[in-house]
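Each of the next two complexes has chain A plus one other chain: chain B in the first, chain C in the second.
After this line comes the complex of A and B, so read on.
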């Protein structure tokens, strides 16, 4: 019986390892390898170099890193505020039509392809009273719209799980709703808030579809530049830039998850 | 009972004199009435227990006071002020819910300080002292720096109470505060709550429970609820000694409820009545023995009533010594160490008897006589006849115990033969010491032979 269990465990691990290698380790490993490759003809690179990485740091591709970081930071913060606000509103709204309306509005950016979101913004702000065509604002807007949907989903799930007893206890102790929100509900939601911040940041860092529709020459995010590099045949430099972006994004996520662990009370 | 405003040493935050008043409050969830025309008064400084089975609407009543559910009709008053339209945070009452709901991200002292900070009713410099005082009262001073997750259930419960007390409310709402604790801790906390109330004599407490012991221990008055309605309200002692309804009799303490027919009812000295009744047999024929019981209101001869007999007020007896007794057949004998619980079949009804341990307990199948003192037996309206659920409004009158019923006259039944029953009550306790003509011998098989002869004369007497 024990043997059987152990064998089953081994099989399970083997299956897991296979898919893990195939889906995660292989692509990312190859990517990192490519970042240091000069020439790659056979199964493995035939010669290595550091020049890709130096190229990534010394030429313009990495200017896109700053652009991407600013865009991701701004849009994930905006998304967090809007998404949390909407999630709390959804919880407070009692009538069903209102609830459905809020849910639909915030589901829409996920439901349609991101290119559509970009196109919609482009069409809306290329003419008429508000002209944002070619500005960095429209890029941040596009990102914000996209990731707010995710922030809303995450925070909304956490709000639903929040025990109303806490809110009621606070009210019975004489706390006004805004005080309860600041001192009780938001602190209790902190794990979900930091979690969705991290998710939004990562999503925004990697966003390509909508950005491709609205970007301008002076506000080109990293994924666009990687795409361009690859397009022009500089695969290995593209890989190096990607590896740098990956490292920085991971670092940010790790920091956020540290905060998140500390915010877990139970 | 004094209004706190009048008390110069009052530490309440000027919220008036406390007290709660439900005025014909009806609450419905989606058209489903869960609190039906509920009327109840809790005087300042009084402890009232809401006692009832699960789903009877106790929590709902509490939530109506706290403001978490809006009555469909009726008004709720706190401290003489109509709070029906006020949001919860403006009502200024302390509340402790079943799961405590301590804020997990705050230390104990921050939890306790929460209300004070939120309301800004006291100067910041005063808060630590108030927190310390609340923690001292609940015996949690040394845990001030801990987080709720680092506390045991009993400690969490104390913190929840401390948190509610810190804002010095005039009204404290407790919703089954002890239900999450084990039996031992519960009795300890029960004593703590009683002590707390002695320390804070001005605070009105509405205490929800489905545990009759908690209600009897803590409450000045008990409001018995069933199926969204107030069934009966009275002092704990009244409700126990003189229940007015079958439901209350069954829910507050244990009881045997037997259908009887009134043979005669006469006024008793203390304003109550003494009724001679006969137990209705299963077949409906009223052939049982004539026994005497107390009745709070007059009953006409021939009326059907319910006789409420507390199991521990019943004694086992030799028939010839006790005329306030009826015969039965032992169906079950349970030995519980220091006590015996005996079930007997009395004219088709199961009767339970609790007594101190018997040296010679009866055997199953034995004929025994069960006797009781007339003042320990109470006649209540039969649930089948008249109003099954008594008019809740009249029941809700905060009837300050009528002195006659709280102070039962010493056993001197005027209308009946001076029953030796009174003397017989303690006998099971002393029985083990005294040898021959004691009631325990009634339980001995020898008597089983004489017992069957007894019902015959009783039957004759009935005709």
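After this line comes the complex of A and C, so read on.
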């Protein structure tokens, strides 16, 4: 409690409501409004239509949706495996140098600008023995690198919170390390695993910087399609595609948070 | 198996085993394996990311030699790129925009987090949930949204021109043609990144302290300045350095405004994709990496301090 008079509290709430509505709620509202707009010549749209949203599900952007979903699914799964593996390795390695090495390597993609991640892949795989420039592999690769850092961060935070008594009990009962890992540690980590999978999926769905560097015409993700639509003056369709993308991301987050609460009760 | 056991143990006892257990030969093997098992993810990320990153630095330093097979390829060296006045303006823009956005986010984030934490209202929990969801949305979404609001043909302009009787065509004209549109979008998108560490820090503050201060006659302003702010300072710095880094690396928001005001990531993309000036792009990338790595290191140190020496930070 900071403010003790009713008046002061009301002023504080009014300040909060003002900024929250103006900066966070209003832009979202307008985006959704624009998604259903046919013509907008005055303060408010003069006529509404559903065709932007259906256009978002037709041929051109739909390919983007498919591409985005496949890319996000693949890269978040890769990130989950790699990130979890690295997080468990961080926990298992006991010497300082090894710990610092793992931490630095796996946090680096967060610190490096996403455009630079794309540039690095472009420079490395446009020449030399492995040629990936213009393939869909390089897009998935860029996304995987970027989201692995977040998976690692989330899972390793959960690993440090893990009570060592469980795995010590399992080990004292004669369980081998892989058995302890599969039957004790991973089930205990399940909420963190699903949580980081959802985060990685969401981040990959919205990734733009690295994708802009490495994409090819036959593997163009949704954010790039939205950029192209916006650039060509199809603002309302761009808004509709953005809204569809947001809805899908939200749905995935919601579904995964359900799984998470169920796992918590086990 | 025998070759593995003969390796010198590179690590002290693995954590999976209780320390009281006697070191049997089987244990020794397991210890070496534990070390081996941790290498594949590092090797994989090393090949897919660290090696490409090394190539970027290498090409930035070496520059690009003239290529007879590709006459359109621009040849540059690191110094050429740095000396170019256009590049310098972009570097200045990048730092300027990052600093302005961060200051804005810190002020707004501090005020909003303060109200959520200390002047609680029904629905405050829902708001902080909303913030968590917001953090997983793409940044360009904000630019797309505010275009409809404050853009050249946006809602606010229509209302304003209706109010002024249509004398001015576009009374508000900052999204497409000035840096303020980028600033506003970054303020909206990155403020939640400041609020999250702040809310954590605020939840750790003993409310008894605030009540004692208030009962001794301190007004709200003084309680914030002398009690809450010192306690939350590590979180402020942690959030600030994170946002400074993220805004410096931001691509989506800037490119969606049409990129009339360029920052480093946008120029890197432009160099590589439109001008096929890879050496120049690499040189800019190195500058961008150095800037953001320094900030990220600062963020990690402050975050560690926030969880470890909270008291020490107060008395420093």
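FYI, the second predicted complex is superposed on the first by the 239 of 266 C-alpha atoms of A that agree within 3 Å, B and C clash if a C-alpha of one lies under 4 Å from a C-alpha of the other, contacts with A are read in each partner's own complex, and residues count from 1 in each chain.
Everything below uses one rule, namely that a residue touches a chain if its C-beta (ideal position, glycine included) is under 8 Å from a C-beta of that chain, and two chains touch if they have at least 3 such contacts.
The structure displayed is predicted, hence computed values, not measured ones.
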For A:187, decide between first (touching chain B), second (touching chain C), both and neither. first
Larger contact residue set on chain A - chain B or chain C: C
Looking at A:13 after the superposition, I want to know if it touches chain B, chain C, both of them or none. Which is it: first, second, both, neither? second
Of the two partner chains, chain B (first) and chain C (second), which one does A:34 touch, if any: first, second, both, or neither? second
Just checking: does A:109 make contact with chain B only, chain C only, both, or neither of them? Give me first, second, both or neither. second
With the two structures laid over each other on chain A, which partner does A:166 touch: chain B (first), chain C (second), both, or neither? first
Quick one: is A:179 in contact with chain B, with chain C, with both, or with neither? Answer first, second, both or neither. first
Quick one: classify A:217 as touching chain B (first), chain C (second), both or neither. neither
In the overlay, answer first, second, both or neither for which of chain B and chain C A:89 touches. second
Kindly list the residues of chain A that each of chain B and chain C touches, one partner per complex. 168, 171-172, 177, 180
Going by the contact rule set out above, which residues of chain C touch chain A in the complex? 10-18, 30, 34-35, 37-38, 40-42, 44-46, 48-53, 55-56, 59, 108, 111-112, 114-116, 118-119, 121, 127, 130, 133-134, 136-142, 144-149, 153, 155, 158-159, 162, 187-188, 191, 207, 210-211, 214, 220, 223-224, 245, 248-249, 251-252, 255-256, 264-266, 268-269, 272-273, 278, 281-282, 285, 288-289, 292-293, 295-296, 300
Looking at the complex, which residues from chain A come into contact with chain B? 163, 165-166, 168-177, 179-180, 183-184, 187-188, 190, 265-266
Contact footprint of chain C on chain A as seen in their complex: 1-4, 8-9, 12-13, 15-16, 19-20, 23-24, 26-28, 30-31, 33-34, 40-44, 82, 85-86, 89-95, 98, 101-102, 105-117, 119-125, 141, 144-145, 148, 164, 167-168, 171-172, 177, 180, 198-199, 202-203, 205-209, 212-213, 223, 226-227, 230, 235, 238-239, 242, 245-246, 249-250, 253
Per the contact definition, I'd like the list of chain B residues that touch chain A in the complex. 66-68, 87-95, 97, 99, 101-105, 114-115, 118-119, 121, 147, 149, 163-164, 167, 173
